[in-house]
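Each in structure tokens, the structures are laid out below.
Shared between the two complexes below is chain A, which has chain B as its partner in the first and chain C in the second.
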Partner chain A sequence: MNGKRKSYLKSWMISSPALILIGLIVVFPILYTFYISLTNMNTYHWFNYDIIGLKNYARAVTVFDSGFLEALGNTILWTAVNMAMQLVIAFVIANFLNVPGLRLRNVYKTILMFPWAMPGYVSILLWKTGMFNSQFGLLTQWMEQLSGQMIRWLQNDVSAFICCTVVNLWLALPFMIMIMDGGLKSIDRSYYESATLDGAGPIRQAVSITVPCLKPVIGPSVMITLFTTFKQFDVIYLMTQQVGAQTGAHIHTVITYAYENAFITNNYGYSSAISVMIFLMLIVFAQLTGRRKEADA
Partner chain B sequence: MRKVFALLLMICLIFTMTGCSRKENTASGPVTITVWHDKEDAVIAVLEEAVKPLRPDINVVFEKKSGMTESLKLVGNDKNAAPEMYFFAHDKIGVYAEMGVIAPITDFVDVSEQAGYVPITVRGAAYKGKIYQMPLYFETLLFMYNKKYMKEADIPATTEQLYGYMERKTKYGHYGFVEQHSTPYYAAGWIHGFGGSILSEDGKPGLNAPETVKALAYHKKFVDYMPGETEYATVNTLFTEGMAHATIAGPWFIPTVRAAGIDVGIAPMPIVDETGLPLAPYSGVQGLHVLKVHAETKKAPITAVLTTLMQPEVSNKLAKVSGCAPALESCYAQDDVKNDVLIMAMRSTAETAVPMPNTPELDVMWTVAGSLLTDVNMSGYEVQTAADSAQKKALELIEAMK
Partner chain C sequence: MTARKFVRKAVKHTALNAFFIVCCFLALLPILYALSVSFDAKGSLLSSSFSFIPEEATLKHYIAVFTEEPVLQWFGNTMLLTAATVVLAMCCAVPAAYVFSRRRFPGRSTVLRSLLLLHSFPSILSMFAIYKLMSTMGMINTHIGLIVIYAGTMGVFAMLNMKGYFDAIPLEIEEAGKIDGCTDFRIVTGIVMPLARPSLIVTMVMIVNFVWNEYIFSINFLTGSDRMTLASGLYSLQATETSGSWPVFAAASLVVSFPVLVIFFLSQKYMVSGLTAGGVKG
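Here is the complex of A and B:
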């Protein structure tokens, strides 16, 4: 065995535990979901299921009806609004945190990270009950004092969408602020000093120095957040659709729509087919976003 | 050093992957019977005490399991991972029976009206002609009122009297009556009061049946005097804070109400003026189920455990700690049960209560019926249109289950 081959084998040996783990945690569930999507596994054929080919896919197409298209539109809007707001707000806050001579900087940072330390489920229900509840919600009580009217924040689609966005921003901003803060610290201060000498103001410096320098640093985090937001389930479901706590709003994303129209049926074959189709949609979305990024670069 | 570390990681991985299985008892020696449950400690303490005499031959382990219903689906036929029994409400019987996870309980003990069980509990435990549960106790929703605000003369005998009370008393931040109006489990009482149903016993949805539509339209006028929220926390807090004079809630709510210092009274469900029928809530029957995978190999010890736990004295103790009604008729002859207002109110409501359907179709009905109630009560949709649309969706989802 020559040295090159030996080194090749050694690198595979060293990587194998990690590869096995990734295979088990990431690849296996995807392949297994695909396998289940080809079977009739449901309540009535739980342990004795058979392979039925692409029948589930043929049925799944029926879920992709006008309701699904509306949910897809909502999802795109939801993703776009949340991403835009996260980027802008996180950029502004991160810049404030990096103002030279700012006192108690670490205290502000700790406070801003706080929503990240809380479980999402708890945060969402706290917002729903503590802020938006029509009887006990803080926002409701303020509005009632100011306008004399009781506002049901989560009852109609537009205000429920805004409330869900606020909660999602609360949950997601700490991550983006942290990444941007790190990115800002990595920018060489001499760029700004030169720009100041050249007469560039704060806005010109932000547009011409900060943003271009931040782009490569925050790129991966933006991608992660983009996908997390696209396949978001918990915020919208818990705020408006949880069984026994529905609010009257009818905002569906792709995932909540699939949940309500397939996943609750206990038909794992059918639900898996829908999951695979959504997974393929996300792959296409990732490819398109990736290409655009390459073009930008 | 690195190699040793890598080796250690590999060993950990292998142990992690194999560590999920449960050790199987050998044929000889003491037998362990594991019971999964989701109940409070006081209830389990009664059961543990009752099975103590079976030791050392049979060791019964009660294991609290979060997400039990999903876990049973995943490992229900794996004899190394599945428990011998589980303790849960009857409404999942159809799902597990169809999946082939549970065995008929009559293979072990006699559960029937002749054996002394309250009829509603036997009805709840039956699925497609077979009995799958040994009932321990049952619960229904109750009409509760705050004695400070609602006097004896105000207690509504009919729904119109209740409506009149709500009209008079819902003001200045107070509510005459509150309930989880758009939650199917709670709204079912109104639907049954008109002779309608969310799901029939044989698994047929009845969301756009004329009786159901009539009930939804009638119920809506009560909702107009209730808060916008339908969830558990808001409704119950209004009652415990003394802002709501009456409510419909389960027996599990009583300890919280008493702890809040509310002088609570229990009254019969109001009668619907139009039909002459009382509001008839769902009842849930809690009991033990045996997993098929252990039914043959551990028949004798399982039978011994069930026989021990079906004794009336166990039911009596369970009734005291759970606040629910015993499943055995003979318990109602005991003074401590007879004198318990709460238990007797539940026993009386059980005469008209409807056992929650235990067919698999119920799983999809909670969501569809919840959406229908929200559409009618909170979004202001026209009742017949919303009911027709919900019925169509329910049928589609039921078809999609197959």
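Here is the complex of A and C:
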């Protein structure tokens, strides 16, 4: 018994540096965020804040023009649009990549991986300045030559949303293409051969063979991408709302909304309440999608 | 009949290749444009006749990056932060991951389950709390503060990913070592670590990537351009709607991206095995 206890102690000892580090940097701030969310902490009440209970939560959920519900709606729209487009486009490209007899397949594949290999924030800034900037943006110049008018891409909400979606697709598609490409390779060719013999056309084959066979293979990666898209901060923040360089569009997702309330308008208590709610949503998501299965073993 | 089939096949392949050339062009578009602007001597970016190949090439924007901006200093800072974060995170996470994979003790599954939850938590949401914590400890505007934050944030990923990979190494190999008279330490360093190499590499590459690409903590926690990292420096360099030098920014972007691209394509062969076996991705 004593030996067993000693071995337990040793296990905890060896893992303690990691657990202390994670406790300090990840767990404690989350608990502390929860505590701040119950207070009215802001620039004027930096040290002398009061506990105000659940008022911050009530303000976010019940006051309609607080902006939180709008941000939540935007986030859901953003996630749905991005996921749908990613899946469809990646499916088409991956299928085309696997057409027999395509000689330059590996060249194309390597080039298509570039957006994934580039540092994300650099790509976003290059898109922002190089493509959409109202003076030297390439797309602005092209549009000007085509239609004769100057377009401020990031100025209004709808076009900024579309631009952000384009950039996000550009960033995220390589991973999805790679996953789908791997999935397609795992499907037995003989299914297609017998389907061809039975007279099924290419579309029928894609719907009845490729999609059902692909689903279990790409499932986990799609779930991860869903989470990443929901949590996406960089694209929207860097494209439209950097400090001192706001472009005029007001599209907030829940994460940029929480960030703005903490670091721009300094409503720390309110922002923390938003953060806690986002975290709870992520936990519910994670439980629903059964990611906890991975914990055993 | 065969001739017609041949023609149909040729048309199909031409169309397919055209499709992929367009796709590749789109995938490279911002990079190509930045490349062309950064080498362009004439600043034709405001003229109406624009082509991707500059009429007159120059290196002056690249020289400006290295001489007019403290890029080398930022590079040094980033290297320091990256190396220290990798060492700290790996030294903490790898032994812990090994223990959680091999031993059974009370509290183990609770910790593992919490780690999975924490892994889905974006650290930006608790950034203000981290800021307050760091300012109480006097670690705002220091590199040590950022190293601890980065190592803690990536520690969750590193532990889960390594644990998943250790799980996949059969126990029999270690038992064989034990029979041959190896000490525990020797088993871990001599047998387990070499086997876990792909996962070690991938975990380190992910940490390097994370630190290299992290800007939001460094712009909020560091002030003064001599402390900045490449990411926050580049952020401060970027051309805004009306000001700033876009050619210099383009050159700087490409300089910063280059090491990342090299690491990505070098480590690509390990990526699939090192990540999928671990069960936790990106």
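General remarks:
Here is the rule we go by: the second predicted complex is superposed on the first by the 207 of 297 C-alpha atoms of A that agree within 3 Å, B and C clash if a C-alpha of one lies under 4 Å from a C-alpha of the other, contacts with A are read in each partner's own complex, and residues count from 1 in each chain.
Convention: contacts are C-beta pairs under 8 Å (C-beta built on N, C-alpha and C of every residue); 3 or more make two chains touch, one makes a residue touch a chain.
All values reported here derive from a predicted model rather than from experimental measurement.
After overlaying the two complexes on the shared chain, residue contacts for A:L282 are found with chain C alone; chain B is out of touch. Applying the stated contact rule after C-alpha superposition, one finds that A:F136 touches each of chain B and chain C. Of the two partner chains placed by the overlay, only chain B lies in contact with A:R59; chain C stays clear of it. Comparing chain B with chain C, more residues of chain A are touched by C. Legend: residue contacts after superposition of the two complexes on their common chain; A:Y121 is shown touching chain C, with no touch to chain B.
Of the two partner chains placed by superposition, chain B and chain C are both touched by A:T247. When the two structures are aligned on the shared chain, A:T265 is found in touch with chain B, with no touch to chain C. By the touch criterion stated above, A:T33 is placed in contact with chain C alone, chain B being left untouched. Once the two complexes are laid over each other on the shared chain, residue contacts for A:K6 go to neither chain B nor chain C. Shared-chain residue A:L21: touches chain B and chain C both. Taken together, the two structures place residues 14, 17, 21, 129, 133-136, 244-245, 247, 262 of chain A in contact with chain B in one case and with chain C in the other. Those residues of chain A that touch chain C in the shared complex are 7-8, 11-12, 14-19, 21-22, 24-30, 32-33, 36, 93, 96-97, 99, 101-102, 104, 108, 111-123, 125-131, 133-136, 138, 141, 145, 170, 174-175, 182, 220-221, 224, 227-228, 231, 233-234, 237, 244-245, 247, 255, 258-259, 262-263, 268, 271-272, 275, 278-279, 282-283, 285-286, 291-292, 294-297. Contact residues of chain B toward chain A in the complex are 6, 9-10, 13, 73, 77, 95, 98-101, 180, 182-183, 185, 227-234, 237-238, 360, 363-364, 366-367, 370-371, 373-375, 378-379, 397, 400-402.
On chain C, the positions that touch chain A within their shared complex are 9, 13, 16-17, 19-20, 23-24, 26-31, 33-34, 37, 45-46, 48, 50, 88, 91-93, 95-100, 103, 105-109, 111-118, 120-130, 132-133, 148-149, 151-153, 155-156, 159, 167, 209, 212-213, 215-216, 220, 231, 234-235, 238-242, 246, 249-250, 253, 256-257, 260-261, 264-265, 268, 272, 279-282. Of all residues in chain A, those touching chain B in their complex are 14, 17, 20-21, 42-44, 46-48, 59, 129, 133-136, 150, 152, 155, 242-248, 250, 260-262, 264-267, 270.
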